[in-house]
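There are two complexes below, and they share chain A, which is joined by chain B in the first and by chain C in the second.
Now for the complex of A and B:
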C-alpha cells in the first residue's frame, strides 16, 4: 500500500517539470491570447481597454479575413490531395522492390529534413522570373522567353507556395505509408501476389496510415506559415494570406494585437475541431484492428 | 574540513546573489546599454560597431548590440515590445511611427538631455515634437530622388535631365526607343513604390493636401488622389516601368540600373551606399529631382529620418541618454556615419565637403526645398500605411482597377483611423 502511494507520488513529481514547461509555453500564451482578443491592445505599452466581442464581430466585416479563410481551405484541400496522393504512389513504387528503392526513399525523404526557411528559399530561386529553374525549363521546352513572376502574380502566388509545401510534405506521407505497407509481413504479401491480389486491395491495407497522413496534413496545413512567410509573406497585396498569415499581419504589421488575437482564437477553434475528428477516426481504426 | 568548505560555498553563493541583485551600472563602472537597430549588412553595421567602440572608450559604457534586418525589424521590435522586452535604445523612424509608440507611453522623454546638450543648435531637420515633448534623436536622414545610370542616358542621347512632366515623358520615350526600360522599380516589399505616390501627389495637390490625407481628414476617393494615380497609370500603361515590379526588391532594381537594363529608379539616398559598395560610383550615377508637374505647387523633398529612441522602462536610461547625445553631437562621428550609410547628417556642423558630390547635391536640394515631407509609411499611422502600401502593389499589378482600389483603400483606411 505504502509502496503504491510512493510510486504515485513519484510519478506526479516526475510529471511536474514537463507540465510546467507545457504550462508556460503553451497554456499561458493560449490564455493570454483569449484575454487580449477581448481588448484593443496595439502591442506597445499598457494602454488598452476591454472591447467585448468587437474584435470577433469585426471579423465578419473584414474582406481580408474572408480571403484568408478561402485560401486556408484551398491549402487544406491541396494538403489532403497532393502529399497524400504523391506519397502513396511513391510508397507503392518503393515497396514494390524497384531497383535502388532505398536510395529513392532517402532522396524523397530528404526535403522533410530541411527547415521551412531553406525550403522556402530554394523555391523562391526556382520561381525567380529571370533565371529561375522553372522559367528556364519552360523556355527550353517551348523555345519561348517567359519571365513569368510566379510569386508576384495574384493568380499563381498561393498555388506556387502550395507546390513548394507539398514537395516537402510528400516525403513524410511516403514514410508513413511505407510503414503501413511494411507492417504486413513480406511472406503474407508474397502469398497475396501469388493468389492474385490487385493494387487496389493493397491500397486497402494502408487505410490506417491514410487516416494519419490526412490528419497530419490538415493539421500541418493550419500551421503552414513559415514557408508562406518566406516566399510571399501573404503577398502580392494579401492575395496569398492564410489565417495564420492574416493573424500575423494584423498583429505585427497593423499593430492590431487585439484583433490578431481574436483571429488566433478562431484558428484555435478550427484546429481543435479537426483534432477531435482525427481522434474519433483513430478510435474507429483501432476498433477495426481489435 | 567539510564544514569550512560548505560555509565558504554558502558565503560565495550569498555574495554572488547580492552582486546579481545590484543593478548592472552600479556593479561595473560605466555599465551597459542594450540597443537594437536595423542597420545590418548593406546598411552600415560595421560603421556602427566602430562608433560604439569609440563611445565605450569615452564613457566606459559598453553597448550591447542586437541588430535585425530592416524588413524584419519592423515586426521584430513589436514582438519585443509586446513581450515587455524592449532594449534600452532602439532605432526608429521619425514621424507617424514614433508618434504611434509615443501614444502608447512606451518611450522615455529626453527633453532635459536635449536642453543640456544644446541640441536645438545642432540638429537639422529634426524639430519634431511628439505630444509636446522630445523623444527621438535624429542621427541621419535621406532624400528620395531619381537616381540614374549616366552611361545609359548618354547612349540614348539624353544630355539634359527633365525639369517638367512633359520633358520627363519625352525622356522615357527616348529611352524606350533606345531599347532600355526607363524606370526600374522593386516593389516586392511594397514600400519602394510609395515614393511615386508621394511625389505625384505632392507635385499636383501640394504638401497641405497631402498632410490632410495622411492625417485622415481627406479621402483616397478625392479627385486629388485620382489625378496623381492617373499620372502614375499613364507611365505604367505606356510601359515606362521595367516588367513586374512586384517580383523584385529595391536592390534588384538598383542592380537593373547598374547593369544598364533600366535607366533610373526613384529611391532614397541609401542607394548610393549600396552602389558604392558594388563598385558603381559617383562617376557612374547621378540623380535629378522629381520633375514639376503643376506650376505654383510648393516644391517638396521626400525622405525618411532615422533616429534613436529610449524605451520607457530602460534599465540604464542615464547611459542611454549619453549614447544618444554622443551619436548626434559629435561632427566627426556624424560625418563618418553619414558617409558609410549614404545618408545626410542630422548635425548641422558636419562639413558639407565631407560628402560625395552626389550627396552634396542632395543636401542642396533638401535645403532649397520649400517643404520636407516624410515618405508615405512614415507620414500616416502604421495601420493605415499597411493598407496603402498594399493598395500601391495592387495598383501596379493592375492599373486599370485604380478606381475600385481607391474605394477599397478609403474604406480600409477609414476603419484603421478609427481604431
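Now for the complex of A and C:
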C-alpha cells in the first residue's frame, strides 16, 4: 500500500539525522572505548599495540583504583541517604499545605540551576579554614578557635565534597518526591486523613518516587566529577578520588589512555547494571499505576 | 482554607503542627540559602574585610569594585561569548533532532521501535567519561581540538536522549485523529509535524530549551578536554582558570561566580515552572 510505503520513507527521513549524530558521537565512541581498553595507546600518534587483558589486570594491582572504587561506593551510599532522606523530609513538610510553600520550594531548588563549578567554589569558601562559614559556626558554638582545613585533611576531604554535592542534589530529590505526592489523587489523600493515616503510610505511597530518586542519586554519584575537580582534585593523596576522577587523571594527566579506557569500561558496566535495574523497577512502578 | 485542614481548624484545641512545620522549614531554608548568601556578601566586600572575618556581616556601604573588575575584564567577555556561541546552536540542534525522532516514536511506531527508544533514552544516564577518550581522538583527527565545534557537536548528541524522550511524550498526547484527518486531506507527515503537532507542543519546547541551555551553559568536562587556549575557554572553565589569577581576591571570585551564574539564574527565575517540570519528567517518565 502506498500509504505504508510513505510511512516507512518518513520514518527513515526523520530517524536518520538523529540516529546518525547519536551513533557517531555516542554509540561508536562507546564501542571504541572497549577497543582502546585492550591497547596501550598514549593519547597521541598511531603508535600503540594490542595488549590483551593487561589493562584490566593492572586494575587489580592499582591501589588508587581500589581507593576510587571504595570512594565511589561511599559516594553512592551517601547519595542514597543524604539527598533522598532530606529531600523526602522537605517534600513531606512542603506538601503539608504550609504557607509560602512555593517560596520554600524555590529556595531548596535553587542550587540545581547553579553549575557544579560554582557550587564547588561556594563550598570551598564554606570550608575555608580562617573565615569559612563552617569554622566560624563551630567557633561560635564552642567558643574555640578552630582553623580546621576540611578539604586538605585525608579524613574529611571526601565527605566535605559529598556534603556540597548533596546540597545541590537535595532540591532535585525534593521535587521528584513532590511530584509523586501530588500525583496521588487528592480524594485518596482525604480518605487517608479521615482514616487517620500515619506519615509512614504516606511514605509508602511515594515508593515509586523513591525508586526514581534513589536510582537517579546513584547514577548521578557515578558522574560526580566537576564538583570534585574544583574542590579537591581527588586529593589530598588521592583520598577523595572517585572512578570518574581516576579515569580523568590516568587518561588526561598521565596520558595512559589505554588504561583510562579500561577504567571507563568498568564505569560503563556499573552504570549499565544500575540503569538495567532502574528500568525494570520503572516497569513495575508503571504497572502499579495501570 | 483547604479541606485537608478543615478537621484541624474546627477542633477546639490548638494544633501546633502547621506552625512547627513552618518554623522547621524556615530554619532549613536559612541553612540552605546561607552558602548562596555568603557568595553574594563576599562579592560586595573588600578582600581585607573578608580576611578579617567580616564576611558574614551585612555590608555597611555599597562596594561594587569587584563587579567592576570582573565586568571590565576582556577575557570574561570572551568566555561569556564562547559559552553563548556553544549553548545556543547546541540547544537548538538537540531539540530539532529530538523533535524528529520523538515524532517517529510517538506517531509512526514500528517493530522494535520501543527497544530503540529505550536504548536512546538510556544514553541520558551514562557517565560522559565512558566516551571521553574516543571523542578526544575523533576531534583530534578532524583538527577540531581547541575550537568551539567539539562542544557544539557533543552537546547536540548528548541532548538527543532527553529531547527524544520529552518530545515523544508530548507528541503522544496529540490526538491520533488530528494526524489521520490531516493525512486524509493529503498532508505529508512533515506537514502534520510542523503544522499540527509542533504548534501544540510549545510547552515541551519551553521545557527543553530551559533545561538544555542551563546544562550546556554549566558544563565543564567537555571544554576541559577539548580546549587549550584562553580565547576558546567557556565561562565555567574560565572561572576555574581565573581562580588561580585572583587566588586570594575572594570578593572578585564571588563576583565572578555570580556573573557566570547570571544567565542560568535568570532562566531559573522566569522559567522555573518549565525547569522543574522538565527535571521531574526526565527523571520519572524514563
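Note that the second predicted complex is superposed on the first by the 286 of 290 C-alpha atoms of A that agree within 3 Å, B and C clash if a C-alpha of one lies under 4 Å from a C-alpha of the other, contacts with A are read in each partner's own complex, and residues count from 1 in each chain.
The rule is simple: contacts are C-beta pairs under 8 Å (C-beta built on N, C-alpha and C of every residue); 3 or more make two chains touch, one makes a residue touch a chain.
What you are looking at is a predicted structure, and each value in this text was computed from that prediction instead of being measured.
When the two structures are aligned on the shared chain, A:153 is found in touch with chain B, with no touch to chain C. Shared-chain residue A:212: touches chain C; no touch with chain B. When both complexes are overlaid on chain A, the residue A:42 reaches chain B alone and has no touch with chain C.
In the superposition on chain A, A:28 makes contact with chain C only, not with chain B.
Using the contact criterion defined above for the overlaid structures, shared-chain residue A:110 touches chain C, although it does not reach chain B. Contacts of A:247 after superposition on the shared chain: chain C is touched, whereas chain B is not.
Of the two partner chains placed by superposition, chain B and chain C are both touched by A:257. Once the two complexes are laid over each other on the shared chain, residue contacts for A:229 go to chain C alone; chain B is not touched. Between chain B and chain C, more residues of chain A are touched by C. Comparing the two interfaces of chain A, the one with chain B and the one with chain C have residues 43, 248, 252, 257 in common. Interface residues of chain B, counted against chain A in their complex, comprise 74-75, 78-79, 81-82, 100-101, 104-106, 188, 190, 243-244, 246-247, 312, 382-383, 386, 390-391, 393-394, 397, 408, 415-416, 419.
Chain A meets chain B in the complex at residues 40, 42-47, 61, 63, 129, 147, 149, 151-154, 235-238, 248-249, 252-257. Residue ranges of chain A in contact with chain C, taken from their complex: 3, 6-8, 10-11, 14-15, 17-19, 21-22, 24-26, 28-30, 32-33, 36, 43, 90, 93-94, 96-100, 104, 106-118, 121-123, 125-126, 130-131, 133, 136, 167, 170, 172, 175-176, 179-180, 189-190, 193, 209, 212, 216, 219, 222-223, 225-226, 229-230, 243-244, 247-248, 251-252, 257, 260-261, 264-265, 267-268, 271, 274-275, 278-279, 282.
Across the complex, chain A is touched by residues 2-5, 7, 17-18, 21-22, 24-25, 28-29, 32-36, 38-39, 42, 50-53, 55-56, 97-98, 100-101, 103-104, 108, 110, 118, 120, 122-123, 125-138, 153-154, 156-158, 160, 164, 183, 188-190, 193, 214, 217-221, 224-225, 236, 239-240, 243, 250, 253-254, 257, 260-261, 264-265, 267-268, 272, 275-276, 279-280, 283-284, 286 of chain C.
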